[in-house]
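This structure is in structure tokens; I'll ask about it shortly.
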């Protein structure tokens, strides 16, 4: 059924230094660290923008939101704004989208229906 | 409604030298050249394997199949086998999947439901 | 209701959309649209590429004929009968260097019948899809614009 | 039907699956499963992380109570009442360096009521979701394993 978290990363060709992280499985307190570590790797390797493809995520709880918050801080350590411009989320399940909304993350991070839409929004 | 073809390319991190091409729009005689040219660019830049993400393709006809055939030949110019090992197709629409099947391409090229499944199959 | 168009390959999108729109107007089940768009796209592509060598005048008409749909494609290109030139057997794409004949094969597989006739100045192809129109019992329905042929 | 488990965070998947399985057995509409899994995951995570500092014994029981679902979570960790310690207002994540209180907030938003009581050796949390069981009119349904409490 549900699985632990696996993450594939690809680097978009072009000027924008975007990496696409494909999340597959569950984002919970057990896998939060995996997500943060993989994001850090990508950022250390030069990515300035991240797209989290959540179409394969079967569970997202508060631990996932803490991870996303931490990643947004890695990408813009100084900013203290209302919106994180360097991270986009793609295709969360209805349940995951509800978690975003309940915690007010929908006004902090853009959610898109496709990778192309997310890329265009950077 | 339907659009001409746009192609985003990302390079998967890891040893396998895989590029993922996200096709959006129509693959017909008018856009066949775009597809072949973009694939050639990726191959020239070092990609030895290609994943064609067709989830955004709203039309695929024989011209698209000629393009896919040409690309498979670029990836393995010498081989004359039954199956092209270096190219995978992901998430074609039912209509596009029918074109693959009608022309016998389903026994020539693997079709997968997700990018991760396609990657695992290389 | 006939689309008359000076077409090149850049118009293929628009032509497929026209097919969808007319099929919708005629009340054809949407499950059939993919087949119709495929057959018309393949036929038109061949006329443009092989017949005209690029661009030329086309007429496209979708018309009910009892329960059947007839799609007429008219051009002024040199005479060519795709049915008579259909590929014999389809060879798997892995088997040869440069497979071909895909277009006519797909066109045939998407339709129930394809008729070719030479016209005064070119070709008329009739693509037939049977049983896709719901008609008042056993009537021969003329299209709204009348049924005075070509 | 109670799950007794020596749990650490690696068991969260299994615990969420148990919730789904039991909710299915009880005939609860699947539209509610996400809320149940979320509330249990958040509650269990807090007990493991903050209560046990890693791992410890847990009991999880889903039981119908008339039309309502009661989920009991029992632990042997130091007493803590999440409801009494719920965050006041949720501050948008952009506003501060290190936002928190997400877990308890989500747990509350997913359930209709959350009750805490101290037990002899730890805590019992009751997560209540109302009106999700269809019951024979006005009956108080004991669970199949009987209703002898803790």
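The first chain written gets the first letter, and so on, giving A, B, C and D; residue counts start at 1 in each chain.
To be clear about the criterion, a residue touches a chain if its C-beta (ideal position, glycine included) is under 8 Å from a C-beta of that chain, and two chains touch if they have at least 3 such contacts.
Keep in mind the model is a prediction, meaning the values are calculated, not measured.
K.L.:
Could you split the other chains into touching-connected groups, assuming subunit A is not there?
P.N.:
B, C | D
K.L.:
Taking mean CA positions as centres, which chain lies farthest from subunit A?
P.N.:
It is C whose centre lies farthest from that of subunit A.
K.L.:
Just the number, please: Cα centre separation of subunit A and subunit C in whole Å.
P.N.:
Distance between chain centres, rounded to whole Å: 47 Å.
K.L.:
Mind checking the centre-to-centre distance between subunit C and subunit D? Centres are C-alpha means, answer in whole Å.
P.N.:
Chain centres of subunit C and subunit D, defined by C-alpha means, are spaced 61 Å apart.
K.L.:
Approximately how many whole Å separate the CA-defined centres of subunit A and subunit B?
P.N.:
Here subunit A and subunit B have centroids separated by 27 Å.
K.L.:
Quick one: which chain pairs are touching?
P.N.:
A-B, A-D, B-C
K.L.:
Where on subunit B is subunit A touching in the complex?
P.N.:
Touch residues, subunit B against subunit A: 6, 8-13, 20, 22, 24, 42, 56, 114-116, 119.
K.L.:
Please name which positions on subunit C make contact with subunit B in the complex.
P.N.:
Answer in residue numbers: 9-10, 12-13, 16-17, 20, 34, 37-38, 41-42, 45, 48-49, 90-95, 97, 99-100, 102-103, 105-106, 109.
K.L.:
Subunit D touches which residues of subunit A in the complex?
P.N.:
1-4, 26, 28-30, 59, 61-63, 65-66, 69, 73, 80-84, 94-95, 98-99, 102-105, 107-108
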